[in-house]
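Chain naming follows the written order as A, B, C, D and E, and within any one chain the residues start at number 1.
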């Protein structure tokens, strides 16, 4: 069912780092670093959510795109991380302990869910994981002493080894508000997770996951321990989701069960589908697009004045969002990563006259 | 190719396999000596692929034992059997469609590598080093199978014949001591099957690998095999040198018809 | 008495789940797609019946047929939109597109009906009857049981007596091979999605009859019916019915006997369906009646 | 090198077929005729475009994100160049596709039934019975096709095509994976179908058998027709002998 | 460490210019509770228009920006951030969870809003409920049952939405048992996604109640009462103000409600001749479908703008000024809702404890008891 555009690992092709090639990435880094100081407070908030979404999308893509296990339960693992973080924060745990718990517990749950995944395929698995979302919301309500139940629970700002994300104070001569701090924390987490997944995909374990995804029996006959890698994918992905949830919850400041509804899972699936299965870059692009798009669309809708009456603009924004989603998937099934790859190919071809890799 | 594999004796006795009332294998037993090139023939549905599936751990036999050297394979999981040096090439192409040719072949090196999930994520120390080393190594197999030019191509869009070669490269990369081949020349034209026969022969002779090959192309079988086992309705009806087997009236009746090479 | 009362209520809820799950099953059968907008079709159908029957004061039967026709057509339209472009492409994108449709349907309904509770104009009203053994029930509930039985029989007969059923299976399993065998795949799709659209209206109306109310919460019912569809086996119509009944009865029983339990809490009935589903899947990975996917080498 | 002028209408007549996939032109103007009651062989190396040609005949190029850019397809005198696959099959075509393409999850019987999708008559059940008898390997009609052995699957694929009661049968490597005895019986079947007046287009890697079994043959190379004519003549053509029959010169 | 970063640059007050005052509102317009958010936003807008027609505040026109939360906490925080720089105050948020998520953000910026819930626990926060807390409403209902329906010594069960309201209603029953001597029966809370109420009805019926108290949303209340009715649980039932919607009356369940249901509510009936309600109806015209949420939106907008006007009068037209005004304010809503003395003592805001009792009839709600305070209201311990 899953269709992954194509092999993305390309190392060993002996690419030379030419200055022209570094220009783009360097510009991007500068832009990312400068962004919080030039953006309005609202767009900075959107950017923080985008960066957090990127981590979440990456971790889901590891499971779905690389390991081929469709999960609609991502919101659950994000939620576990967030609630563990809230609990730890309220009980004065230190940062390393909180991180350990917020990553470890979801990972452990992922490991426990894994065996179910071993038996089920595709949509059966997907819908079973959907059950996790409901179970999660039930747990929150049933154990309201710990979770705050339906009325929710506050979270605390993270104190990353002395760098308190919650304060707003100058650092390095720059106005580091809470938003700016969370922005950088989220960027760092996304970069870390993205780097880890990229590394995974170009090394033995990642390759094994992809082999299991494409052809399970052939992979096992070639020596891949299928069980092990399926469990590993679930565990690692869940752990990463936990870390994402920790940051997400802490930034939100307050957790309510609705924060981790099915809708969130679906939003994340939309990110990786639109971004591109099995693609690090795609996950990030998809996360940014899906998070920022509704905001952009509300702006568009608001500025078309005839809509501005009777709150119709909001409905139109939602309709536009749905339409955009449908149209995008119809016309670009390989996702943003596909577009990117094509664009990049065009650029490189012009730059270095490389012929397109011919098959025969 | 660098190290000489130590092929062991494959010994099958009393093997049985059932599917919902169907006896796919019934009391099958034969031995493949180390370094032997053994053909396995028989009518469609006789149980040849099923036998290979038992050998590689994909099916669990209901009776009998399979031993490779001193190790009993019954009940072992496929990846453990692979770890003993048994590689398999499938009847239908079973490649990892979305990966490049190189990645497919690198997967054959899976057992020779050590990097775990965490190390892989960190890309630190062994992970990177190992990956680099194995890429070198794999290049060798890619060249051996004539795939070096298309190493970065996604296998999905390759034509049938090339895909088969990728499968061989992947199996070879496992540096096996025993290779199980299921219909290697099906769907190939005459000149291609001659090439394939050369490849199999050289694997056998240069590398000393034991080979069990299932094939319906009798020209191929006759030109290669040292011994031939014949299955019919899950039972072993002959097991001998090629010349004897093709003259066996039972074999002719069940399988060959008037075609004797 | 409590037990009988709960059992009956469970069967009624189960019928509604079964009707929804049948819709999922038929679409899955023909396209290997889980139609995530199916849940949104329930309130849509019911709101349409409201508009026709109550606002425009048409006879109820006419309203029902009108709503069924519109939802069937809408489903076919949705299928058409991606069918052609999706041929030979990842199914998952198609499933995601149905999520997109869900967003659109919900937004559209919000715009038109503003999420209000509405009467559905049915002939039975709030009448109740007392059955043997002192079990009392709304008359409408008995009609739900009847309607579900009729729909199930009709769908079953359709698959039993028409060649379209097996052609749907073939199309879902390999579209190109189906084309090569002369299956009119567009018609196959259209029929499957249309049937699902009709079933959605029946289910949506059933879920709006007394004592339930027509309101936007109806969308959620689609998600609640998932365990039923899976428990029975995603591609089995019989399984949908059995799964629906099983889940409906379990949920009502759990609510009836565990509502006050300190351990489970009142919310537990909502997850009990999923728990039953997971237990069954552990034993039978393709549900009770699902077709096993063949994976041999 | 000339094809004798057809008496009456050809079973299948393709003129000037050109086809391309997203990234490559594959066929460059193929002409090919299949007469009723005759077997025409289509030969060519891997990747020559044989399967692509059959896709053009059936109108399946769009499925592979390709298209037939020019040319015409006529079945039994009826032009179907723009028609849907289903219409073409109704017009009398049927195919045993490359790689069998069975419905792996469905039973043998269901596979056969789908083969009869374009039929409306009452004899479908009867035909199924006959086929099950004809191919002993299909003894268990309720078993899911995916579990069959490779050869059994091939037989089922042939049976499924026959269920359409075709006037023109396209076979893409029908002997693939079959035991010698069964290969014989497949070629016998092909001969008997031809005798019944069906036009057969046979794509086959085993050129020797294909030339024996056919009256005409067309050889493709890189999407162009490089040879065509009576099979007996082609079998004696030294170039053909060298590249397709494995006879060293 | 380092110097703190000052917010609110160059002394300008967010949302205030020479000729306009901007306020915001964060309803759900396109999500699952749009049916509440949409009329609420319209009510607020209508009041703002009404106010502007009458000269606005202190010569300034008031502008209301409406931002859709979609009932999604993340989105709600984002939408809040979008308007934070540009508004003086926020009328309200819709949804208990949304409110809980956004209120801490607003507190960081010193922004005032009415909470989207009537839980009395909010009296302790910077955001006191604008009208009668649930618990007083419920006690009013019990009071009426005892005084007019002879409920003393009889069994009272309650059925609630699984949310904050559940705690308040359950607590009210406890107090009712102590003060009025009613028998506290079973209590069940269900989430709004419940698909069948037979289980709840059977469990409650087991306790053989004589009266029911229902603290939940309209559709759920209707389904629950309908299910109970069809299974013989036909006892006088008090529905909370948030649990009744006139649109339900048109459904089949309406006929059941007419037989058994009362509504406790601080809100005036749509057709009441209270002056404030008359203005409201005039603003909307006679064709408007009655909806309590319109009244709520109107009243909340009035409440906020009244506070702003008071702050302006004090010469402190700032966010701080609004809060200062609130802590000593008594707000009057022209009879649409009881007037409230918010005077703050010991960190707890004052509130109203009054409620009305309606009976459900063919023509909608019929007032059976005008604003009163339950005798037991004093027994409620401070939050």
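Keep in mind that, in the parts below, contacts are C-beta pairs under 8 Å (C-beta built on N, C-alpha and C of every residue); 3 or more make two chains touch, one makes a residue touch a chain.
Computed from a prediction, not measured in an experiment: that's the story for all the values here.
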| item | value |
| --- | --- |
| Common touching chains of subunit E and subunit D | C |
| Remotest chain, subunit D as reference, centres from CA atoms | E |
| Approximate Å spacing (C-alpha centroids) for the pair subunit C, subunit D | 43 |
| Centre-of-Cα separation between subunit B and subunit A, whole angstrom | 41 |
| Gap in Å, rounded to a whole number, between the CA centres of subunit E and subunit A | 38 |
| Whole-Å gap between the CA centroids of subunit B and subunit E | 74 |
| Where subunit B touches two or more other chains at once, by residue number | 49, 58, 90-92, 94, 159, 162 |
| Touching two or more other chains - residue numbers and ranges from subunit A | 3, 141, 217-218, 221, 315, 318, 360 |
| In subunit D, residues with contacts to at least two other chains | 47, 147 |
| Interface residues, subunit C side, partner subunit D - complex | 87-88, 163, 166-167, 169-170, 173-185, 291-296 |
| Complex contact set, residues of subunit A against subunit C | 1-3, 70, 116, 119-121, 123-124, 126-128, 130-131, 134-135, 137-138, 141-142, 216-218, 221, 262, 266, 269-270, 273-274, 277, 312, 315, 318-319, 321-323, 325-326, 329-331, 333 |
| Partner subunit A, residues of subunit C touching it in the complex | 28, 32, 34, 36, 81-82, 85-86, 89-94, 96-97, 99-104, 106-108, 110-111, 223, 226-227, 229-230, 234, 263-265, 267-268, 270-271, 274-275, 277-278, 281-282, 285-287, 290, 293, 295, 297 |
| Touch list for subunit D against partner subunit B, complex | 45-47, 99, 137, 140, 143, 147-152, 154-155, 173, 176-184, 205-208, 243-246 |
| Parts of subunit D lying in touch with subunit C, wherever the complex brings them together | 58, 60, 62-65, 84-86, 89-90, 94-95, 97, 101-106, 110-111, 113-118, 144-147, 160, 164 |
